[in-house]
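To start, I am sharing the structure in question, which I have written as structure tokens.
Chains here go by letter, A, B, C and D, matching the order in which they are written, and residues are numbered from 1 within each.
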């Protein structure tokens, strides 16, 4: 039991961080970023390159991932999303663009980083072992979980108290009102997108130390992130965090409880998600109709 | 009305596009000769890219090598080998398109696809167009009569599994086995084969229904219930090279001290990066590159591969063979370059030297036991153990 | 006069808050009845309850003696009780005429399959809808802009279009949600004429509004609510002198009973 | 339905192209592989047409892969286990999918925007996992070695010959797919230009207003979703017949996403959008196969450029649409 909860918490922390970036971008621009997973993968590869290949400290590698993705995100927003949003009749059209970008990043990842699974040396060795394997958690996972929660907290504080954060929240709540209040929509959309991408990069960098990274992780990661965002409510920061932890817990519990029944854990998770949304169409904390 | 014009013009443009593409095709269809085209249809992008890429690159490396040394002499004509690759994106529908492309290029010998559903889907096309193909997929129906155009390009897990389990039972005293597989067609089928083999050997299968999604980022929850069944051998059925190190790591971190094995080919560098010392003792099936059995040719191959693509992939050890078989069989009966029936006849009696493995190993077609006809390449079943960044040979066996 | 629409003890609670509390009144055939009240009095909630866009907590709404509360909005509409919207709720990417044509849905004789196959009934429907739409468009002075895209219309015309959409459904009762909101005096007077015209076509009108002068001018009878409860009911002159009403309006800060 | 003169010419020309000109060009050029490519385009555009219809009522549908897979399995199971004629399984597969769509649609069609999009995306995974878990679908091993379509005859009159006796199976499948595509889009065109289409558009633009004028929005949504899924099922059934096999991964999430992209690329406002979009996306990938390892890079770069220049779909291009009035 303790083990299940510990596993769930660790998974939840990393999921929540993945979902945060996605939901931020959605809240600000109403864009469902299909390329979020690919950004996460790039983050992983950058950390791999800096930490494992160039043998610089892990923290430096993490920063490199964050900065790379922030730049990539800002460029994507400025040169791709902005013009398309301006010109399109139906705002869903950005989904095609997002998917195109996801394909493109996939191609770039394959050409630049290759097809192999990559991993980095453990950042911390050792294992927390309580009561002879009733509760085990390697120290590096504990550290990564802790760093994830730290990042989440920093992000929330930033959104709550910084000027930029407040502007972005105003923008997310009501674009027109924010505009009237003098918020520069274009500028903060770009900052928001960069920040969202950066979060993806940070998770990628953190997780490469545990799970490694390969070019195929992008698409499935996006889909998982979508699920968390849906559980919590699209475009709501607290919702994304809740969604991440709920999904993590569901996986952890489901994989243990349903193990005896074979291959149905994910089927059960998906179906219960569908039922949940049928009763609560806006997720846990979302505004109706997102 | 305006709408009508739109329709009209749409149609015009569609037609024009079709026509121009067809015309473009005409000019492309008459390519130069003295080239022997061999096809590859498999997955070279997306999550499973490493299977297809290691495959295609092995072929390209070998082809470049052959061409550099003057080409391959089949009958009284010398050919340059050209590898035509098609990325099926692991989608069976695309795989069919790929096979059609191969037929269009006049290719009769194709390596791939890499997965079960693709291999099954291309069967009608291959048979209609006289293509012999070498899939890396295990369903027996592909190789048993009435099917006759598919040749299994590697050792199936239902062949290597029993050998490995038997070895481990006898030398390491394994009694209880647990199986874990990804929740996808290929691994699940392989798990089923593995479980049957283990049971046939009298082993106690303590867990055989735990699966995971290939995109799992933390395998601890997956393996926690498996560990409770306290196996002394954990089999990772059909595990993708990307997942293997994570699974090993999670198992070890959960305190598992027993053996871990798989029947698929793995890459040492990936294991080293992903699991480090924890991967020591991991048993997998390799090809020919372990120092103990590799010949100079194999070392040369690895060297050329590394030069061409920057980094070698150990999965290629098992994938170097398909092209070799095609070329050697063609040499044995030059008429089969265009006549697939001749190729099939030759398969029954064919035998040539295996240049990649030390000793007097032969290239020959096998599969009588498993399929009732010779529809499998005979490659040495090299069971290896990972140790500090390298694979060490445990034992070598053969399939009949 | 008989009651066409009866509101009986209608109550709506949101959690602990009672937005509408035990409101009852009747609407008579072919009259214009207005529901007024200061901001936050619960007018808007009451409106949604009557049009069945919100389920009520208790109480009911009867139309010709039949219960219509808590039914799906399209069923209520089918019975003949149709609402208009406060905001610019129209079919934005259709022309004015198409907006009105599509709103003839309730008059359809043919089935969906009939429309697909183009049966005689369906063709007759289409013709009839077109003719009727033209008539309604003219009636509401939208004739000149009938082919304009609805999203390009100025606000005044949008309000008229909203009424046109409502009329197209051929309602017995038209529930109008603040038809004069945000209008200047001239626009209001023009719209007052329109609403009268609607009534003169035989449609009973119930409107929710807080523009007092317009309400006084247009209404046959008035119902006043405050804090979710009915505080007065009567003809305009009675309401004007009602103590409670004056008090309610003076008590609220941002609304005065300007006349 | 009234056809104007140039409309008839247009339709006639289109039919001439797909039924006469294309086979002739392929015959002359010897590009036999295009048969399969074009057959795929036809079938995928049928499925995309369905997705387009759900877009038309204002729902982003990323779940068509689930229905194509279901349709394929229904047809395969009926052919293999119950010996039903393949021709009969096409409508059965479609109707089965439509029925499933009604059951699933009633609750989930209440969702809007990204929520509906995501839940349909999840649906694709649900379909795959269900196919893996059920005994009747033969689980992980799929169903393979399915016989070719047999003869279709009514009262002894052969309408369609047994495909195993046909000299050119590729051509036979091409004609089959092309005929169905023409039927599908003729139907969609009629639907969209009839009053039903206007009702769908009223839903897309404002569901509350639509229900206030008496439109049974829930009913109409379910109908549209059922038609969409019907088309998905039909397309899946025929793909099954071509590959003569069906596996849980035969229609992965990527397909669902592609179906959606086809609609976007062609243009959401144009009924023939999905056809053109499918053609470009599928054919584009095939044509780029000569670029080797740069295939995905070039493909996605072109895709992005197209969206940048024509965010409302290729059909919004001037030559297609002089007045620029999106339908």
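We take it that a residue touches a chain if its C-beta (ideal position, glycine included) is under 8 Å from a C-beta of that chain, and two chains touch if they have at least 3 such contacts.
A quick note: this is a predicted structure, and the numbers were derived from the prediction, not measured.
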Task = Figure out the least number of contact steps between chain B and chain D, where 1 means they touch directly.
result = 1
Ask   = If you count the C-beta pairs in contact for each pair of chains, which pair comes out on top?
value = B-D
Note = So the chain most remote from chain A by C-alpha centre is C
Key: Centre-most chain [mean C-alpha coordinates]   = D
Remark   = chain C and chain D have mean C-alpha positions lying a whole-number Å distance apart equal to 43
Task = Can you check how far apart chain A and chain B are, centre to centre, with Cα atoms defining each centre and the answer in Å?
result = 34
Query = If you average the CA atoms of chain A and of chain C, how many Å lie between those two points?
reply = 47
Remark   = Residues of chain C that touch at least two other chains are none
Request  = Mind pulling the residue numbers of chain D that touch at least two other chains?
outcome  = 129, 132, 254, 293, 296, 326
Query = Where in chain B do residues touch two or more other chains at once?
reply = 44-45, 183, 188
Pairs of chains found to touch, sorted by chain label = A-B, A-D, B-D, C-D
Remark   = Note: in the complex, chain C contacts chain D through residues 51, 53, 72-74, 77-78, 82-85, 89-94, 98, 101-103, 105-106, 108, 112, 115-116, 118, 122, 125-126, 165-166, 168-169
Ask   = What residues on chain D touch chain C, complex-wise?
value = 1, 190-191, 194-196, 198-199, 201-202, 205-206, 208-209, 211-218, 223, 326
Note = In their shared complex, chain D is touched by residues of chain A numbered 26, 32, 34, 80, 83-84, 87-90, 92-93, 95-97, 99-101, 103-104, 106-108, 110-111, 219, 223, 226-227, 229-230, 234, 262-264, 266-267, 270-271, 273-275, 277-278, 281-283, 289-290
Ask   = Which bits of chain B are touching chain D when the two form their complex?
value = 1-15, 17-19, 21-26, 28-29, 44-45, 85-87, 89-94, 96-98, 100-101, 103-104, 115-117, 120-125, 128, 139, 141-142, 147, 183-189, 192
Key: Contact footprint of chain B on chain D as seen in their complex   = 4, 6-7, 9-11, 13-14, 17, 21-22, 25-26, 28-38, 40, 129, 132, 139-142, 144-145, 148, 169-170, 239, 242-245, 247-250, 252, 254-255, 270, 272, 275-276, 279, 283, 285-287, 289-290, 292-293, 295-296, 315, 319-323, 325, 327
